[in-house]
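Take a look at the structure below.
Naming follows writing order (A, B, C and D), and every chain is counted from residue 1.
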Amino acid sequence: MLKVDVAGLELSPPLVLASGILGVTAKIMARVSEHLGAITTKSVGARRREGYPNPVVCPLPYGLLNAMGLPNPGIDYFEEVIREFKKLSKKPIIVSVIGSDSPEYVSSRAEEAGADAIELNVSCPHAGGLLELGMDIEQVRRIVRDLKSILSIPLFVKLSPNIQDIGKLAETCEKAGADGITAINTVRAVKIDLLSKKPLFKSIYCGLSGAAIHPIAVRCVYEIYEKVSIPIIGVGGVVNWESAVELILAGASAVGIGTALTQDIAIAKEIASGILEYMRSEGFKSVSEMIGLAHKR
Amino acid sequence: MLKVDVAGLELSPPLVLASGILGVTAKIMARVSEHLGAITTKSVGARRREGYPNPVVCPLPYGLLNAMGLPNPGIDYFEEVIREFKKLSKKPIIVSVIGSDSPEYVSSRAEEAGADAIELNVSCPHAGGLLELGMDIEQVRRIVRDLKSILSIPLFVKLSPNIQDIGKLAETCEKAGADGITAINTVRAVKIDLLSKKPLFKSIYCGLSGAAIHPIAVRCVYEIYEKVSIPIIGVGGVVNWESAVELILAGASAVGIGTALTQDIAIAKEIASGILEYMRSEGFKSVSEMIGLAHKR
Amino acid sequence: MLKKVGRVEEATEVSSGIYLLRISCPLKEPYPGQFVMAQPPGLEEIPLSIAGYSGGELKLIVAAVGETTRALCRMDVGDRLWVRGPLGRGFSYMSRKTAVAVAGGVGIAPLIYLVDARKREGLKTKLVAGFKSRVGGKLIQLLEDLGDVVIATEDGSIGAKGDAVSVASSMITRSSMVFACGPEPMLRKVVDLCMSVGAAVECSLERYIKCGVGICGACLIEGEEVSMRVCADGPVFDGETIVKLSDFDKLALDRSGCKVPLHGGCPSR
Amino acid sequence: MLKKVGRVEEATEVSSGIYLLRISCPLKEPYPGQFVMAQPPGLEEIPLSIAGYSGGELKLIVAAVGETTRALCRMDVGDRLWVRGPLGRGFSYMSRKTAVAVAGGVGIAPLIYLVDARKREGLKTKLVAGFKSRVGGKLIQLLEDLGDVVIATEDGSIGAKGDAVSVASSMITRSSMVFACGPEPMLRKVVDLCMSVGAAVECSLERYIKCGVGICGACLIEGEEVSMRVCADGPVFDGETIVKLSDFDKLALDRSGCKVPLHGGCPSR
């Protein structure tokens, strides 16, 4: 009952590990994948990056601020991680690719290594120039088109809420050939340190995730669903089954989980069983009946 | 010690009632003004509006969703409210004016009635076409310029976080003659009702306020401060003195309080004394020493 | 107070157009006089006084007067709705050993909970429930189960003939604490009488409720030097406050925020 | 666990380059073996084991090895810093009546709290604290105040001569529960010895910590079929788990997420 097809990926349950969350080694991804339908890796580029110095997170009562800075070992190293994951787990692996660091090269290497899909990250609000990139509709269109011309696996584009019209950008991605949209990345934020009286993070800007951004994620998914017919992976503030179901009703075919893993690494299990119970009590026979239902007049 | 000059308004403490919060009658504004430096009225237009039907709010653990729909009696009625307030209180009254409903007419009537400043609302995320207006840099420039040409009291422009480059928009406002910026309005959101499986609000879209948006408000104020030299009234998620001080260090000359009044209508008192204590312990002699300090290298 | 899902356990017509709803919905223990915002899925959210609460079960007394209340009253067992509360400030119901409660029409709702809560604390309350005309046997039964009850109808069709206040007046003059809920002209009479005999009085008032949490300003009731939010400073106000509220029994805000005359009794009935 | 402001109450050099910090900072009562992320204003946030906690006062034992630890050690009374914690999972410190604790260098930090917490519960612990060479009198005093302590130095300059494990070995073989913290080559010896004599063992491990809340993946330590987050599944792991961790004493992730050889002992010292 919890099975969905998302751009050709079969996900059961319709829950995905969000990018940047533990997607570092094959073994941890295999461990986390147990209760999920698919996993997304951390965002990878052509070059190795160490990310920003500590502090890289600041927990809030209602979410998390982070400025990791896209640490990653580079695709030359990471393709081995992909291969190893494919040996350890049958779950689809979506490889997140940094949009500003040779995405074509990285994506094709990832595909060769066995990636089941690529997620193009054009939306990190504090690193890699991705905020600016993700807001430049022309550039996004070009990258998506170029990537599609070389890839045979599905391509998702991960969008930022820090944009005027996310529906329009999603539409552009669809027209350029994207197979799906992932929304949302973190919301651009700043934290001031009351002791140093300076921004807490060395990068000044950081990203807000967790419960606080859930109503924003639902809005973005709702807006995107109005504009495109490709599937949406809804991400942002999913902390329980209710928040997951809201995203599905708003238009998400599957739901990503990130920050909530700080509460419990196996939280997806609970979320999946909550969705199942909701479906039973409301008389839904499949997840696909629920997708985008909030748009029906 | 808590006195600041904001575009010619003398505020003590540097705390302002945010627009749409109780700013309906002269008497309630007078009551609330006791612990504040100034009050902002609800947003007023030329025509009477009833707003959306209930539900108009949905409390969250970390904030509030609202879709009031800009209810207001229209300026012909409201100018009496302004006059009455001026009799009841010595605190400055900032009259919020709906940007899409004859702002020139409304503002000049408000000025005549005794308004100490006008706040141009071009940023409601769910009503009055203000979301679209607030994102149209050319229109905002024109309205600001036209208003400035007829007003002799200071003009603040209230901006939305639902925009790509809030710094640039603020800069445009400054160039067009605005005397100050108010940031931010609520963040555009959607809530899906799991029982009806439809958007909870009749307007579909709603606005997120309260603690959840504080790091976004700090970021917006930080970005605006980098771009303009007119004063900023920082609003969004101020729930205690710490959140108020963060906004000031990020660049706000004064701080608006909205949703936090659901906890305690006199919360400003506590916030003011917290700010004072922080100033004493950190050796600040005036609020102005703190404004924008986080930008100093 | 977050919105919570309630489940209808019973919806019975206790008198013509007046329903008793039992809803299972765990809330923070409410005080008598507090209210909830109730919303049947897809319809409006409206304020309703808490007529009872125990063991996670909420009781409401609803008059079917419009779309939302009618929908509520038509709900079947097992149907679900949104409930937000308890909201507002209730009666200081423990303050006196004996008291009189005066209800007009469906204003009975919060007083049922009050009388019951006082009974559980060993405090006595004489309840005078006034109606226009004959009411259903189930409602009468429900009231009589509470203890010391006098029913009054304006047309004398059952119980004492006359409005609730005149029927209650002798009890009020002998009492030191009076609680009341009903149309404002009636409440005015209660307050005036209490002030004249020196009895403490608390009334539950009504205004149009939007946010219910004290920030939108829709529900203000004011006097020369006071401005009160019915949803957050009330809905229960004491006599000293009420006499200062020149809006009382006269003016209310309309949905746009204009202050307009209160038509008829309760602004919302 | 939110960031909280801590206030330095004392910063004393207890041995050359090793400081005892007392910080007032109300935390959720920590377990021995848990750690905090500490950040002097404007500098990095680093992991430090909790060396003691009572009545809102946190004790840390810090080796000044780099910019942040040096800054911490130089702090004056009244200076403030950010503290986030307690984080991670600690020792199962109550599980046995008697136990041996083996420390290498500043690995002593969590064991001080462990021994003290056990003492408060009436449980005995023999502490063997090994150092390269002579340590300061204040540190020795601090350890001796805990009770049953043996000091070992590799050069024999004070206490027993030899590394902590060889000095502790006879105690370990007679014990059923061993706690340890120190460089991984030392911990390996402890684990091997414990496994061979059938004693239960728990070690506090270190890896580069970024988020500290189990979501960034910076601190993974792995084996053929296990992947553990030092910050959230640890930092304390039991012997059964450690023997499955082929990374143990061999590999660690660098800051980019490459798995690289562990140079020297502890990845972070």
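The rule is simple: a residue touches a chain if its C-beta (ideal position, glycine included) is under 8 Å from a C-beta of that chain, and two chains touch if they have at least 3 such contacts.
Here the structure is a predicted model, which is why all the values come from computation and not from measurement.
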Upon omission of chain B, how do the remaining chains partition into touching groups?
A, D | C
From chain D, which chain is the farthest off, judged by mean CA positions?
C
Inter-chain centre distance, chain B versus chain C - centres from mean C-alpha coordinates, in Å:
36
Which integer distance in Å separates the CA centroid of chain B from that of chain D?
50
If you average the CA atoms of chain C and of chain D, how far apart do the two points sit, in angstrom?
62
Residue numbers in chain A touching 2 or more other chains?
60-61, 198
Which residues does chain C have that touch at least 2 chains other than itself?
none
So that we know how the chains sit together, what is the shape of their touch graph: line, ring, star, complete or other?
line
If we use the touch criterion from the header, which chain pairs count as touching?
A-B, A-D, B-C
If we count contacts the way the header does, which residues on chain B are in touch with chain C in the complex?
20-25, 27-28, 30-31, 42, 48-51, 53-61, 64, 66, 68, 71-74, 77-78, 193, 195-196, 198, 258-259, 261-262, 265
Contacting residues of chain D [partner chain A, same complex]
1-3, 5, 37, 39, 41-42, 44-46, 80-82, 84, 209-218, 220, 222, 225-227, 229, 232, 253-259
Sites on chain B touched by chain A in the complex
60-63, 65, 135, 162-164, 187-192, 194, 197-199, 204-206, 208, 211-213, 215-216, 218-219, 222, 242, 245-246, 249-250, 278, 282, 290, 293-294
